[in-house]
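As written, the chain order gives the labels A, B, C, D, E and F, with residue 1 at the start of each chain.
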Amino acid sequence: MQISARNAIKGKVVKVDVGAVNATIKIEVEAPHTITATITKESVEELKITEGEEVMAIIKSSEVMVAKK
Amino acid sequence: MQISARNAIKGKVVKVDVGAVNATIKIEVEAPHTITATITKESVEELKITEGEEVMAIIKSSEVMVAKK
Amino acid sequence: MQISARNAIKGKVVKVDVGAVNATIKIEVEAPHTITATITKESVEELKITEGEEVMAIIKSSEVMVAKK
Amino acid sequence: MQISARNAIKGKVVKVDVGAVNATIKIEVEAPHTITATITKESVEELKITEGEEVMAIIKSSEVMVAKK
Amino acid sequence: MQISARNAIKGKVVKVDVGAVNATIKIEVEAPHTITATITKESVEELKITEGEEVMAIIKSSEVMVAKK
Amino acid sequence: MQISARNAIKGKVVKVDVGAVNATIKIEVEAPHTITATITKESVEELKITEGEEVMAIIKSSEVMVAKK
């Protein structure tokens, strides 16, 4: 299955915490990879985001899905 | 600033593509790191997600924010 | 109330599972309907998404809201 | 590939609208199916959501991904 | 229409910026109101979030819908 | 830290409700502020959203993060 989501990051499950309805999964990522972000033009200009600089990709855990081959 | 988002992944901007309203940013991540996912208990059971196994973290690019120190 | 969300899909509640903070709701959808997705131009090109072909709309349950008249 | 997202809805692409960075995809869904929503316990109580009643699943198009076999 | 989304914040449209596929809307909010966030237990503990303290609600613009009576 | 998310709304924590995996936080917002929404061009046209009119910003609580200085 191919999926339109731009980020498919390989890793190893290191923790599974199950609650009544939800669960938290921790995935250890070793290999280098590329993350794609879609943000507003306004924020690119305001933060002066340019190629070559150090940034952080910020992702709420509720936006991360887990897939298995 | 501390933020509740569980994923703050360091990397280098390698591409900035600006459209009329949105922009796509590519971030190269070198260092190993941990990704946290919050998914349903149902999906943990259905996919039989267990510690130690290889998985993929799937993230739509529109859910990724960019931050700078 | 009109809402900008493009997907308002009618159905019948068949299951309500309540946890400490969250709840999972199952909604049975009978009638045909159209789903709108906003994805990146890059993914349209990479997956070669074209009119007439069979695809799947993938939606994390935490992105689905429930509304009542 | 199995994915933790609870909603994988089959349909046919009927429209592809490509912009500078994003694209809008319309998918026609014929077959009956079940939609899973994760909402707060508070909203279940406030809206008095109960099994058997008619509701609408509301989903922002930017939360819908597209997948192909 | 009642909706499970916990945040329905009244305001006045002050800017509408339309692109090829998406649009950015600015809404001026005058009246005091309450915002509800659902975050992980882990982040509450790590950030030591307690009642009475000053915080910021951080919301990506692609997660905000617009509704009209 | 600067972040690309367009909405950073100051307020006071008035309630913290912790479950097994997630927690619900209520934040009282006093000061006037601007909310930015990114929606589809299609919805702007369908809802005829124009400058000067009263609307509601609708936000699912699972899309709201909390930050502290």
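FYI, a residue touches a chain if its C-beta (ideal position, glycine included) is under 8 Å from a C-beta of that chain, and two chains touch if they have at least 3 such contacts.
Everything quoted here is computed from the prediction, not taken from an experiment.
Path length between chain A and chain D in the chain contact graph, taken as the least number of steps between touching chains: 1.
Here chain D and chain E face each other with different sets of residues for the most part; under half of the interface numbers are shared between them. Averaged Cα coordinates give chain C a centre that lies 21 Å from the centre of chain F. Counting partners per residue, chain A has 1-6, 18-24, 36-40, 42-44, 47, 49, 56, 58, 60-63, 65-69 as the residues that reach two or more other chains.
In terms of inter-chain touching, the protein chains here all touch one another pairwise. Interface residues of chain F, counted against chain B in their complex, comprise 1-5, 21-22, 38, 65-69. Within the complex, the chain D residues that touch chain F are 24, 38-40, 42, 60-62. Residues 3-16, 18-30, 32-41, 43-44, 47, 49-69 of chain A touch chain B in their complex. Across the complex, chain F meets chain C through its residues 17-24, 37, 39-40, 42-44, 46-47, 49, 56, 58, 60, 62.
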